[in-house]
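Note that the chains take the letters A, B, C and D in the order they are written out, and that residue 1 is the start of every chain.
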Amino acid sequence: MTEVSLAGSNPLMMDTTAVKDGDDYVINGQKWYTSSADGASFAIVMAKTNPKAPPYLQASMIIVPCDTPGFNLVRNIPVMGHTGEGYFSHAEILYQNCRVPRKNLLGQEGHGFVIAQERLGPGRIHHCMRWIGICNRAFDLMCARARDRVISPDGRTLATKQIIQSWIAECAAEIQAARLMVLHAAWRIEQDGAKAARKEISLIKFKVANVMQMVLDHALQVHGGLGMTDDTILAFFFRHERAARIYDGADEMHKVSVAKQILRDYEGRQIK
Amino acid sequence: MTEVSLAGSNPLMMDTTAVKDGDDYVINGQKWYTSSADGASFAIVMAKTNPKAPPYLQASMIIVPCDTPGFNLVRNIPVMGHTGEGYFSHAEILYQNCRVPRKNLLGQEGHGFVIAQERLGPGRIHHCMRWIGICNRAFDLMCARARDRVISPDGRTLATKQIIQSWIAECAAEIQAARLMVLHAAWRIEQDGAKAARKEISLIKFKVANVMQMVLDHALQVHGGLGMTDDTILAFFFRHERAARIYDGADEMHKVSVAKQILRDYEGRQIK
Amino acid sequence: MTEVSLAGSNPLMMDTTAVKDGDDYVINGQKWYTSSADGASFAIVMAKTNPKAPPYLQASMIIVPCDTPGFNLVRNIPVMGHTGEGYFSHAEILYQNCRVPRKNLLGQEGHGFVIAQERLGPGRIHHCMRWIGICNRAFDLMCARARDRVISPDGRTLATKQIIQSWIAECAAEIQAARLMVLHAAWRIEQDGAKAARKEISLIKFKVANVMQMVLDHALQVHGGLGMTDDTILAFFFRHERAARIYDGADEMHKVSVAKQILRDYEGRQIK
Amino acid sequence: MTEVSLAGSNPLMMDTTAVKDGDDYVINGQKWYTSSADGASFAIVMAKTNPKAPPYLQASMIIVPCDTPGFNLVRNIPVMGHTGEGYFSHAEILYQNCRVPRKNLLGQEGHGFVIAQERLGPGRIHHCMRWIGICNRAFDLMCARARDRVISPDGRTLATKQIIQSWIAECAAEIQAARLMVLHAAWRIEQDGAKAARKEISLIKFKVANVMQMVLDHALQVHGGLGMTDDTILAFFFRHERAARIYDGADEMHKVSVAKQILRDYEGRQIK
């Protein structure tokens, strides 16, 4: 069980605290988007343990059994029309003087962000890979629909129309771009490690998410009224994969981060 | 009960037939997206009565009581994750030798498209007006969220960020454009009638639908993870209003129609 | 002769100074983009006279005869491939201890920005009106070219192609949007004055400039190789009107300004 | 000397003819955009020699010495404000009963398009490589300008602004996409030959040209008024590289071609 939304957070903005009291931590705070909390045995909470440490060393990850007093699952949050349950749910949790033994600490105290970053680098490229799968699926459906949809009595199909053709070509170009960029980022991670590949990972995080949204939008449009129904997978993708531009760091966060890395490389360089 | 998807159809592609037999019509065919059929007393079917007439005079509208033998409501179609029921549903109907008296004809035989067009002109501008309301609502939510969302310990909010500011300005410009174009189209309808205002109606049909999608996308993004939940109205709008670019004529159909009208005006004109 | 680029400037960044010395001002500084200086009798310089006043009351406008010692026209600046001369030129001017009598002051001392703003409000909408004229001219050329350009031996023209048709429709929608927004801004200026219409003027400044660039780009593309030549006016517009998104305040400056005005209106408002 | 504009032409639309007469060809027709004709010793003309052959086997390439009677250089065509001369010119040529010996035929009769295609495949990827160089140059200039341009008295630069940062990140992503796609296309040409890589070549032809235009537009905007001048290379690139989306096949031609190739792959495939 993880809290997907913490990724892009400013650590200074974290409200949840875990205060040491004897052999325990006493946890207070409200958490949102705790994935799969419903039905889980335990949660991992990110909470401030060292408020005076440098920003990225203030928080820790702590295991909290879900039957601990003070662990309150307020509700499963409805997302895009569905509340979900069990594994496919996102809970709002209220920690109220929730007391757990200090041995429940994961890793070192203050290393919550260190652990999160270790997971997030590979996590992000994994998302991108999955999104390319979704792009390919949607592209297949779009092409097959264009091929099959007869729009005039002489048998002409959507595929004969230039507007549809230009979408197919533009989607093909963007999917190709996304695919090669992900392969390249994976190669960099393999060569130099996730930390060295930070820029490449940020680039694909926002680029591939946006390619996917564009491809899904065109594929849905080619399906017309059918695209709005759940008779194809497209409407599901359209609404749920919208989150891709938000979780694990919103587009804007990654763009600003990429730009700052790039601009550092220009310090002191003579450009003509 | 209406079938929203027929609007943009090529009349030559209509499969459903109503064949005269004595004092009755015998109706056969499959209809999709029959809105609010679930629980209705009667449906209005559009069916081919005059297959040899000119294209737009081949079909008629006929009232069919829902308890008529051969009127089969196959299912309510799931749309964007929800099947809906009653008024908020879209049914798939199978007409199998469904026999109704000829007096159930609406208007004149062969005038199905004539009746539909009379409704669609005003219907389209009504949609556009509603979409502008949605734009305004989403814009309000976006601005309020930008104003309220604190992103650093010194109290700075999203509203202080240039990326968010540029979205607010771009959305403001596009909503203003949409609003003025709808007012202008309404004025033309009032002056010269819906037929003379065909170009203006087509322009707003695709322009306003796209402005709405853009505004909703930005508003959702400004809300981050919250935007994906149903705690605001934005996620509902995001998924359901996607249909705006499809129903009552897809964007592409209106663009081609506008272009053909414009190009006719250039016939024989000397341009320097 | 005016310096078009001062408009968007942060007044605190102005380097040119006019220091009082007896009955004179002694002017020092470098000015760039002084339009039509070549061949002019006098220039109007914007220079800091009151460096301790509030930012927008630090500068004054002063008349400088071009034959004053210390008024050095360094060069006419080459713009988009042409240096121009006379009225159609933009000069770089170096003021070196350039001494003019204090009676050459325009208006009140420290009112340089006040005077500039009075000119810029109406100046901006005038630009927008001119740009709509350019849009219409380019649109005419695009439609006529689409109509006339035969692309297959059976006589079919570019106008029969959906890609071209969709461009025509999209350009028509955007030109209509631009036109109505300019009319609306003009009406607001008339009703309430240029100051009250600041938001409307900023909106059209960036919206219309971008519409123009989009229309010119499509019109040029429809002309193919011919579009690159000076056999039509399009190539001239394409390169010179690119400045529209820069002069009298860059797009980004206007967007930030609009957003701040809008966000002020949301202070303290309850939004649901 | 080549005629760059012939590439995307429908061979059926070619007007220039070369008719055999004894041991000669007699050439008639008008040619446009004959690069570097001004000052050249000979031209290579593409002319119809076999009007009854299949479309792509109707034309031949023939060497024409420029001093042949009937070879008339009408003018150098002004392109984006400059007529150019010598190597940097594009001529309009009028062939009037221009007689050259049959041994001036290049390759086989009717193989004009075959020869052109052999040059165009590699020619296109060569253009793309050059454009990536231009992208990198413009990107460098943009970043350096953002870094150096102070916009407030406390020394803050354009580089601190989110709008500029998001442009830098978006340009970085697109240049990366363009670069990897060109490398991939080059690898495919090496592996399987230019013919097998037709789709990849078309994809990069339009993708990289559009990336370049986007990068140049942003780089120019970051330079403000300076971007419009010829004090940087950007204004030159902005106006001249606009041709990239036109020569060697317009964007639209390549998109339609890519889509048709892709759609062929879906014939008979079952997609779920």
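Methods note: a residue touches a chain if its C-beta (ideal position, glycine included) is under 8 Å from a C-beta of that chain, and two chains touch if they have at least 3 such contacts.
In this text, all values refer to a predicted model and were calculated from it rather than measured experimentally.
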- Query: Can you name the chains that touch chain A as well as chain B?
  - Reply: C, D
- Please state the rotation angle, between 0 and 180 degrees and to the nearest 5, that superposes the Cα atoms of chain C on chain D. 180
- Between A-D and B-D, name the chain pair that shares the greater number of C-beta pairs in contact. A-D
- Length of the line joining the C-alpha centres of chain C and chain D, rounded to whole Å: 33
- Task: Please work out the Cα centroid separation of chain A and chain D, and write it as a whole number of Å.
- Result: 40
- Item | Euclidean distance of C-alpha centroids - chain B vs chain D, Å | 42
- Query: In chain A, which residues are in touch with two or more of the other chains?
  - Reply: 161-163, 166, 252, 255-256
- Note on the structure: Counting only contacts in the complex, chain D reaches chain B at residues 161-163, 166
- Message: Under the definition above, what is the set of chain D residues touching chain A in their complex?
- Response: 140-141, 143-144, 146-147, 159, 162, 164-166, 168-170, 172-173, 176-178, 180-181, 184, 199, 202-203, 206-207, 252, 254-256, 258-260, 262-263, 266-267, 269, 271
- Query: How about chain C: which of its residues touch chain D in the complex?
  - Reply: 4-5, 10, 12-13, 32-33, 77-82, 150-153, 161, 163, 220-221, 224-225, 227-231, 235-236, 238-239, 242-243, 245-247, 250-252, 255-256
